[in-house]
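Only one structure is covered here, and it is reproduced in the block below.
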């Protein structure tokens, strides 16, 4: 009898305890907002782990500046090793045991696909998956807001630049055998069709393959004068290196994935000089188009501020101020902005409302725009479609070739 | 000085007593045989002496040192070599190489010296020449000349047995353990083996501890005999004594008696 | 035709690094009878140690490389002594799991200490220069790797044939019981075999590192080396080398003429075909042990 009484009292306490916060939303208390994220801190994709660390430093910086409407952001990120089974297990554990208000970032198409259903069914907002995949917007989901531009856009800009601006006659593609590479291939084919051009060669790269000699050879035999790379930085550096050894020197071009000039110049021992890549962040353009600019250029006020405060004060000592780290900040910016706009009375529905109202929001990345959910219009959830091209210089800087260009969404049945 | 002695040696596997307080002593230069029916613990005794099994009790003394529980390579270093009932050769090497490995203990040349010194005059060269000379002696003694550079895996059984003996001799042991040197041989080959064993004793002065099934051969060459049954020593003495010992007759010939008794 | 020759040359070039890994694996298989899945990581850690010696302590490349080889020797010995030998009544499956466990630990250690960033090992020869013979090319780095691999094979051959320790290793591999009774310290022999294997692997790692260094760099060469070793019969050193070159050449010809998509996995098809035709591998020598 006594036990039952205690149980009842205890239960009541718990219920009142929850009510006393005044908010019924999961993951939001009087003083805290809990945000979840996964990323590979170990395993073959661990170089992408910097995304979550970028977000983490960004949140710490916001908290240090007083948080948002009196609440601190509590960032829970875990290592999934780029293994979808671990992603889903970790997400469920954090969601069900700790209770996340929303999820941000999340590296990889495969890990993201593993948890997409779960998050959408539970109506949990997920902002800015760290992978440019059409799976995030076809069909558009009420609670899933894309930020990362689709690789289709990278292909568009690169092909256009090669064919129209540089007058290249023969274009080849090297693509990683996954969603990323296939998008690059599809986008390239789409554009070449538009220009009535033939694809000189399409060379697939298997995940984990470290011997790129046959790939480079096939490219050189195709005599392509421009080669688009939709592969990992390591594979890109190998292929360009072997091309060099073979005396094959086309215009190498790459997606934003291999767009971190200082890193690429470093791991290719300078061979990356002159490579043109797309990019969606870190650089201020406008009247500066055509000038030599470094990513560390303090002229970009926001980038400079982030570098000094977010990176300088809240990143681990051996963290590199690189593209991936900054992307981690950029992907979280719309979420933070929407939380600010939602005010003190924060719920998931309010958050979605505020995101849908977002128009031409500008952080370190391109402009971000959403709209009221339309199941037939991916643009209501695609977020950012702006990219620009730059060309890496020998000293690890880059020359900006274009202003921000809005890419078109190419519907691809998939 | 005790040359070789086993004192109260016991070996248990789980609950099974393979050896139960076995004691005997061998004097330098003799041929000492251990006999007994299958499963009497003869090979276990050898394995304990060699250090393949650590005995559960008792002592093994070799030249006044207790060698019980030493690792096999230490026992070999101390001067005890052996052959096996089932041949244990390096089947992917030729006869010469197999016997050469018996010289392992006498090779001093380390990796560095061997690599740096070339030619016959160098230390490594001299050492190699000396070792090869010893091996050739053994090959001559055992009449293995024709098989010198043949891979041993494909050689006839009797020859392999001889090579194994040769390998044991190459180690220049003071005590040689022979585990059924005549197993699987015909009468003529057995005769040869008997001669060699006597030669080894006489010419090389090596003391021999022998396990054998063939009673005639044992009686022929042994100076003294120990009889084991179910791990227990039941008799010890010169061949004539042992062969008439009632316990021995019962144990060793027991099966025959039993057959006779149960016969019609 | 020129394409064909070029593919064969490139196949041999990549085969050299596979061959070094295959040699290391066969050495250990012969000593401990386990396919050694920590082969790649036994090379990985020393390579990163060399990197650290250069960048954190300012040693010259040559000193750092010798340091790495020395460290590899110690590491291999240590793994055998501290872990593999401790396995009680090991069966093959248990030992495989032990090596996979070690693989994960070493990989984790390198990832944790050095991070996932790609790096480049300084090297006196440019990774991207090449020698042109008519229309054929071979990169200087590949040429160096080929010669180093051949040199190591010759050294190993001489070592096994003529040195006391080499003969003891051969004896231990063929019949450990008999070897011990000949006064050979088989445990020590096994331990040093692991050390030598790690050192050979590290040579391969040091030759790959000037192109790119990252924690997963040894995974692919290790798998392909394993494939080569299996093709060669797992117990024969020349067989392993030959098998590794076969794997390299087949990969390149397959990638060039049939399908680039399956280039990375064709090695395993080669294994299946070889094992169907000759189940013990192309160069296996069989010792039928009488019981």
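Points to keep in mind about this one:
Read from first to last, the chains carry the letters A, B and C; within each, the first residue is number 1.
Rule of thumb we're sticking to: a contact is a pair of C-beta atoms (placed from the backbone, for glycine too) under 8 Å apart; a residue touches a chain by one contact, two chains touch by 3 or more.
Keep in mind the model is a prediction, meaning the values are calculated, not measured.
Chain contacts in this assembly form an open path, with each chain touching only its neighbours along a single line.
Among the remaining chains, B is positioned farthest from subunit A, on the basis of C-alpha centroids. If you average the Cα atoms of subunit A and of subunit B, the two centres end up 75 Å apart.
Centroids built from CA atoms put subunit C at 41 Å from subunit B.
Taking each chain's centre as the average of its CA atoms, subunit A and subunit C sit 37 Å apart. The part of subunit A that touches subunit C in the complex is made up of residues 42-47, 49, 177, 203-204, 206, 208-211, 213-215, 217-218, 221, 233-234, 237-238, 241-242, 244-247, 263, 266-267, 269, 271, 318, 320.
By the touch rule above, subunit B contacts subunit C in their complex via residues 50, 52, 71-73, 75-77, 81-82, 84, 86-93, 97, 100-102, 104-105, 107, 109-111, 114-115, 153, 167, 171.
On subunit C, the positions that touch subunit B within their shared complex are 159, 162-165, 167-168, 170-171, 174-175, 177-186, 285, 287-291.
Interface residues of subunit C, counted against subunit A in their complex, comprise 3, 6-7, 10, 13-14, 108, 111-112, 115-120, 126-130, 132, 137, 139-140, 211-212, 214-217, 219-221, 251-252, 255-256, 260-265.
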